[in-house]
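What follows is one structure encoded as structure tokens, with my remarks underneath.
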Amino acid sequence: MLRYLTAGESHGASLVAVLEGMPAGLKIAKERIDRELKRRMQGYGRGDRMRIESDKATILSGLRKDETIGSPITLIIENRDSSIANLQQVLGPRPGHADLAGGQKYDRADLRDILERSSARETAARVGVGAICKTFLSEFDIDILSHVVVLGGIEAHTRNLTFSQIRKDASGSDLNCADKAAAKLMRAGIDKARKSGDTLGGIFEIIATGLPPGLGSHVQHDRKLDAGLAAALMSIQSAKGVEIGAGFKAAIRHGSRVHDEIFYLKSKGFFRKTNNAGGIEGGISNGEPITIRVAVKPISTLRNPLKSVNIKTKQTQKASVERSDVCVVPAAGVVGEAVTAIELAGAMLEKFGGDSIKETLRNYNGYLKQLKSY
Amino acid sequence: MLRYLTAGESHGASLVAVLEGMPAGLKIAKERIDRELKRRMQGYGRGDRMRIESDKATILSGLRKDETIGSPITLIIENRDSSIANLQQVLGPRPGHADLAGGQKYDRADLRDILERSSARETAARVGVGAICKTFLSEFDIDILSHVVVLGGIEAHTRNLTFSQIRKDASGSDLNCADKAAAKLMRAGIDKARKSGDTLGGIFEIIATGLPPGLGSHVQHDRKLDAGLAAALMSIQSAKGVEIGAGFKAAIRHGSRVHDEIFYLKSKGFFRKTNNAGGIEGGISNGEPITIRVAVKPISTLRNPLKSVNIKTKQTQKASVERSDVCVVPAAGVVGEAVTAIELAGAMLEKFGGDSIKETLRNYNGYLKQLKSY
Amino acid sequence: MLRYLTAGESHGASLVAVLEGMPAGLKIAKERIDRELKRRMQGYGRGDRMRIESDKATILSGLRKDETIGSPITLIIENRDSSIANLQQVLGPRPGHADLAGGQKYDRADLRDILERSSARETAARVGVGAICKTFLSEFDIDILSHVVVLGGIEAHTRNLTFSQIRKDASGSDLNCADKAAAKLMRAGIDKARKSGDTLGGIFEIIATGLPPGLGSHVQHDRKLDAGLAAALMSIQSAKGVEIGAGFKAAIRHGSRVHDEIFYLKSKGFFRKTNNAGGIEGGISNGEPITIRVAVKPISTLRNPLKSVNIKTKQTQKASVERSDVCVVPAAGVVGEAVTAIELAGAMLEKFGGDSIKETLRNYNGYLKQLKSY
Amino acid sequence: MLRYLTAGESHGASLVAVLEGMPAGLKIAKERIDRELKRRMQGYGRGDRMRIESDKATILSGLRKDETIGSPITLIIENRDSSIANLQQVLGPRPGHADLAGGQKYDRADLRDILERSSARETAARVGVGAICKTFLSEFDIDILSHVVVLGGIEAHTRNLTFSQIRKDASGSDLNCADKAAAKLMRAGIDKARKSGDTLGGIFEIIATGLPPGLGSHVQHDRKLDAGLAAALMSIQSAKGVEIGAGFKAAIRHGSRVHDEIFYLKSKGFFRKTNNAGGIEGGISNGEPITIRVAVKPISTLRNPLKSVNIKTKQTQKASVERSDVCVVPAAGVVGEAVTAIELAGAMLEKFGGDSIKETLRNYNGYLKQLKSY
């Protein structure tokens, strides 16, 4: 059973994550965590602060000599600015943010008490946890990437690219986009939005390869792999939509053009030539790559702020302004990779058990062998 | 804490649901449950069997004199055909279904052992649970509807209709669609698909009204209301996409055209003039109607079946054929209402506590009063 | 992940249990379930009704051809008397029962609404679930027994008996007691208590053998095997105390006389010559038999009832009288076996994973081999 | 929903706790946390190191201006010695500890990887969390104490003392024992055990007052308040037994002498004159003080170590020696208070809900009023 909690406010002392259930004997490279943390801060369209700053994780527990020992792993990511106690009161809730509803729920007179936690800064903790889960998944040759497929209304054309082409091309792009021509137009859109004090959203895609068939289960509503992934991805700040495989497009096609016919070759077992299912059928991974697309709304803090109401005086006022990113879709994709990795690592451990990486691998290999004679 | 499990195979003795955590003192009308069960079976495009059959729930526990007493509620829905043991072996997995991946996971030589449980027949149990949760929500004047907005590629135009207009028009339609003209075209599409042995998918929309601000929470990934709803809706058989509010459309607009500005009137408190957020900001309900759209793929069993492989002989063969619906989008919407009701009832109980409906209502009313002076 | 819910009132239609997470491919003998249900009803000291009646389970889901298929298993145990709606109001709460506190919590004017669920009749459902879990554990040669070690103040002398001697002697006793001489005195005590309209409690012991080292974990408070077992056993109606191994006696001895020294033989690996730890150290099974003792208070319904107060009139009155058992300690032991089996089956599945019994066994055997070279 | 995780090794950087679900608006005094941490380190019989050292908590998240804001609270307790990476290998598992079983489970060649986490040092984190939960409970006038009732076989006589007398007398004692004469004998026992390189255990008692009736529930095995408390207390390092109220003594008395008769006075509502139930009937708090006794085995590290086996060479050797406490029963009691506070705070929040302390209190007061007219 893999579980985790994050904690921390954006201007508090630090962000914190505790991850439990990782088997013992897994080598963890701190650089890998820091690399993912850095990726989360990148992307054309971020404020200047972001591009300069660089988060680093400190591991407080759970490792000895860089290796997991079965006990819970604590990550700390210090905040550069930890002046939370003294920061100015916020009375003008931002449309699109948790500010107002959170203030009402928790009965707070200062909305800063809400936004400090609801801020996407929290996702740094999840990216840290995700980096550990990716390390775990690497042991099984499971690999995950994200790339931007729509930004500010511009669509990237990547349907014909392989996993490794997308990785190569996207990682060379400051928008994590594998279509160079589209990226150029996206950048122009960002520049324009910045000038008008506006913000942009988009869509990122997650692809996970190397998964065995049999993760998740059809037997109960809350054990379906797609349900868990949908929750994980929708829980990302700014996410407003999640689709698996062909997703909303599957809804408008005929069945004969949606379902992925089944083939068999002795050398590779059962396989498909299409993947409209996005690697999940009946709530269970089917061995094909898992593909998910996530809609990210434009960020809620506009430099040219929207209309709001002062929660104290009830007078109309502009919404408060907290920071100056124009677009965070590439970063949201990095967070998407992380939460996908966490979800998949959990599904692997639920199916294969194991308290040492050696044991989990042994169980996994036994299953692969079983599949061969299925 | 509200929780539930369902059980039962589609040709087993019966479907079963156990729901726990419902406060005591709630009057339950069995007719209401049966009405929802019937709604789930309706819709132009269902096989003949469906339209004739009519599920009925038996309540085995949890009520006394038609009133909840705090203890777990068991619903049983008998299957007309309970010949599971004798039904013919299935060796040709259907593309799009859990058949193959489930067979591999659970190591079953007969895929019937999988499809009997993965079948959408299971959703009858969830609809029964949902009917009880709707009854609970009624006490707080929370109301939920679903309607079909896309079917077979035909889009219904309903954006300008009110909640009650949609309910009225959709409930008068055999496609649960509030746009008469669109419904006519949808029906034609279904007829055509039936002739070619094909199937159709679509999109349904859920609208929930009467919710207070403050359900769900921004403080942890797994407590966000939208994450929970996304999981619940994605767990419906055939669902491939979920979007909240403007969803994927929010991803292509500018921030200034997405976020819902905040207004205040003494008489009604804080409110919005738009609802692109779909009633949820920062993982918390904001008091506006919750709107969700769900993509439903065409059903996986085609009368004119797709290519598959015999799992025993490994020879190519046609996929097995289990039943003859062409389109189940309206029914999926009814299931969508149910799982939404369960999720929202759980969120209400988490926030307001209470072991009797009187207590939960008292706590709720105290909160409404608190909101007035916020 | 193994989980289960029970439902049902003692005079409702039936008791219900849904168990989820059992791997596929496990043969279930309904006779085994019924045999355990019958054992729960036995024991000198039960009312006449009990000794005559005989519960039978009906399996509504989760099996096909008597074999698990991975989907949730539903057990139904019909009640002979299902007149719950018409049974007479209860206004005199019984000291020792949930009646009063439950009535206050759930705000019920008729305490029958509480006692129908709090009744130990519910444990029949748990015994049914336990029988399935015992079947699962048998695959790993894990065996569980209970026997009565104290009843009405009479202590049985069994410290020098082996597991199989205790099983043999206890199962031949109508008090499930392995000490014949003590049992005779116990019976006399019961007869005397019956005459005076009083009731008797006692202590039963659980012994589980064949467990591997490594179940449970030291890494988090809620993953300790002893914590889970303590909760499971304390949740039995009438249980007031739980001790593992030497338990309260360990608290009064010196450390040098409590801790079990460690030995090693190539043929058997690490082992102990004593077992004061009761098979659990640091929240983890250590490979020795797990031994637990549970204190069972005398049942709360006395034929010669205690003082109580009418909840409507607030006048002093005698507590209500529901049934006529004098002593249920042997039956409580049978329930103890069941909840222990459920807990241990869950711990096995958490460690070894697996969706088919073949897979779980393969993983388990891999671990045993690993232990040999530890 | 209150939940928490702890992390940290005894010679790692620090101990960590994340607590989630605490309502907003609760004032937290860091001194109160530190005072509890200090209490955990006290007690005649501890090693010298313990009596000198003094843990201090740092709060990394969840508070602003010393007040909770609804978001998760992180506590860090730094270790004075954080040389975990370099500490010497441990090959001689200590009988009574997690060393061997943990090493086998997690497949560790160096048992230090286990004992660093299984060490009772972890309980500092729980005491920190408990201090916050005690602060929460104070708002409802719920109070919890622990005191030592047996140590090294010496029994304290405290049955006739009131809650406040016990608190006063125990807090003045370096053994947290309210019976001065007994404490003197206990100290002598400790001195003697120290001389012989041995260790002592004992029994502590928890008393919680001010609880309303209605916490926990009879409706499901895992919602019983006594089951939750049993798990929490049994999860304490060294705990081997838990009894509620009269506990094991209830098992040997007649029913007429065990169950607490029910009385009523308009001024105080329903009440009891005895409390053998220990405040819990049918898994529900009944409004009387909750009393629990916990058996603590002698600590497992003996200065005069027991026989063990080198896990590498398989040669007989003495168990490793980690530290030099003789007796930790008073400290275990402090941990017992903490985990009891966490469990009760969780039960309060489950019943009363609320996201601000104002809301939880309002709901609670509404319930108290309801009880008055019951």
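In this document, chain identifiers A, B, C and D correspond to the written order of the chains, with residue numbering beginning at 1 in each.
By definition in this document, contacts are C-beta pairs under 8 Å (C-beta built on N, C-alpha and C of every residue); 3 or more make two chains touch, one makes a residue touch a chain.
For clarity, every value in this text was computed on a predicted model and none was experimentally measured.
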**Asked** Would the interface of subunit A with subunit B count as same or different, where same needs over half of all numbers used to appear in both copies?
**Response** same
**Request:** Have a look at B-C versus C-D and report the one with more C-beta pairs in contact.
**Result:** C-D
**Prompt:** With chain centres defined as C-alpha means, what is the inter-centre distance between subunit B and subunit C in Å?
**Reply:** 38
**Request:** Please work out the Cα centroid separation of subunit C and subunit D, and write it as a whole number of Å.
**Result:** 26
**Item:** Two or more partner chains touched - positions in subunit A
**Value:** 5-6, 20, 70-72, 102, 105, 107, 114, 117, 214, 217, 219-220, 351, 355, 358-359, 370
**Prompt:** Across the complex, what residues on subunit D touch subunit C?
**Reply:** 5-6, 93-105, 107, 114, 117-118, 126, 150, 152-153, 193, 198-203, 213-214, 217-222, 224, 226-235, 237, 239-248, 250-256, 258-264, 266, 270, 272, 277-278, 281-287, 295-300, 302, 304, 306-309, 311, 314, 316, 319, 339, 351, 370-371, 374
**Message:** Looking at the complex, which residues from subunit C come into contact with subunit B?
**Reply:** 3, 5-9, 12-16, 18, 20, 23-25, 58, 60-62, 64-65, 69-74, 76, 84-85, 102, 105-108, 112-114, 116-117, 355-356, 358-359
**Request:** Report the residues of subunit B in contact with subunit D in the complex, numbered from low to high.
**Result:** 1, 20, 70-72, 214, 217, 219-220, 349-355, 358-359, 362-363, 366-367, 370
